[in-house]
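Below are structures written as structure tokens.
Shared chain: chain A. Partners: chain B in the first complex, chain C in the second.
Right, the complex of A and B next:
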């Protein structure tokens, strides 16, 4: 599983955020576009791309995109 | 006093949550209850919680038409039917596809239409009978991620109204109820997509807090009873004051 592909997948669910801002260390919650719908999209993307059931608490306990990536990797 | 004495009542989705509570309350008010769900073990638990005798259970999948036929074949005419089985799926519109659309609609809408249609056609609804469709407050809101759920429930509420006019001449009534958030297995599922903390915070939007299955149950007992004999075609919100906000 590739972090760069994951970052690309994450950038794809966003509509108003410059892909340059999407890095391993990005604190996704601080993105202006982050809201409950983005969270649902992240869950749907994890399901579609990695067949992983990400939960609300997984997101809550994560800070950076790398944290999310690690959770997906562990669940895959 | 509300009584369901001598009434034969069918409750779908009675292996859990709101449906289980409806079956329990109806039996306490004197009804003979037939319960439907997929999970045999949880249906059995519901049966063991019912008051009185003569209750029946069917472990069937309502999204399968031949399963509905089995229930119809073995049914005696009902005085009341609660169409309560339903599923929820949280998905942004961007991620919808044919399968996701139909899985929610088949369970929440199509199966209820088919079941009610077969009950009518086979004359399995007694005169003065009462049909209750469990819709949702979601059908009137625009909560992100609930497009298919909300649309399927709105379709169900509309269906109930048309049915109410078509059945009025037979004295059969049809109403729908739109609950706000009730603590059940279904709301547990919401904690898959929102954190426990967010779920708690959302409860503060409810002037009376989240509901219990028996809160919806009480309204449904009224709708099943003859006390509501002049009520048909209504789509009733019961939400602890949520829509006041």
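Right, the complex of A and C next:
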């Protein structure tokens, strides 16, 4: 599992955010586009791309995109 | 004995909560974008003095007129709601009197949400197959808007109020009711709940509003939905539910002409559709004009599918409801 592909997958679920802002250290909660539907999109992406069930608590306990990446990697 | 769906009507309250109105209340929100994902453009909201029984009476009267039904033939009333008028008496008894149905009928309420319509069909079929009734009136009626905090934009965007009336009969109808599969997992109770107002937790006068991580405001007498958990629950169980009903009915996905799932929201349904690998043209959506109306979404979708000519050349359909409880159920129906 590659971080760059994960970051690309995350950028793909966003509509209005410049992909250049999507980095390992990005605090996803601070993105203007982040809302409850984006959270569902992230869960759907983890399921579709990695067959991983990401929970609301996984997201809550994460700060950066790298944190999410690590959780998915450990569950994959 | 076969049980058939003979007629369906639905009722939407007069007041409309449009995207524009939501945007006025929450200007920071890009409702058009949200709407394009949820697939919902407007929701109908019951009046302050309009309750599930009132909507039930209106929708049943609509059914009698629209389909020319003699109400004296009805011998059982099943009423599905989670927003009853009272703890007691049973709302179905009040509806019997207001509709002028025979006093010789059986009538009962059952408390289920998004799975309620399919459960209602199973109870109706059981009553007919057991020779206990010939014409069962199934009414689903829900006013979730009264549970939702005025500042809870997520739930306000998703849910709308509605009622649907369905006549299930031993006589021929537009389709017959086939097999059922059910599921229940109370582990999910806390993820979709109105905590206060029952016996365990009476409504407190000094409830404190709390704001979640996405800025939705609510307190414990309001509807709470843990969106991410519900999303994961459906992702896990609905594909299995679909497999189970196909197996029980000796059918394959290719045999099914149309799938009608509980109309939760377009985003979630499309995720499920892709996961189950149902082609888009076999997957019916009907929530744009009324939102997620809980137990009425499936009869509304069935009604709209018929009206829009989507049932022509259709033979096998799958209906599936899933949500609060957790509770889920699916059945197949056959258009003859």
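Basically, the second predicted complex is superposed on the first by the 76 of 76 C-alpha atoms of A that agree within 3 Å, B and C clash if a C-alpha of one lies under 4 Å from a C-alpha of the other, contacts with A are read in each partner's own complex, and residues count from 1 in each chain.
By definition in this document, a residue touches a chain if its C-beta (ideal position, glycine included) is under 8 Å from a C-beta of that chain, and two chains touch if they have at least 3 such contacts.
Predicted, not measured: the structure shown is a model, and the values here were computed from it.
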{"item": "Which superposed partner A:27 touches (first chain B, second chain C, both, neither)", "value": "neither"}
{"item": "Common interface positions of chain A, toward chain B and toward chain C", "value": "35-37, 39-41, 43-44, 48, 53, 55-56, 59-60"}
{"item": "Contacting residues of chain C [partner chain A, same complex]", "value": "33-34, 37-38, 154, 213-214, 216, 226-229, 231-232, 235-236, 267-268, 271, 274-275"}
{"item": "Chain A to chain B touching residues, read off their complex", "value": "13, 35-37, 39-41, 43-45, 48, 53, 55-57, 59-60"}
{"item": "Chain C partner contacts - residues on chain A that touch it in the complex", "value": "15-16, 29, 35-37, 39-41, 43-44, 47-48, 53-56, 59-60"}
{"item": "Interfacial residue positions of chain B with respect to chain A in the complex", "value": "90-92, 94-95, 144-145, 191-198"}
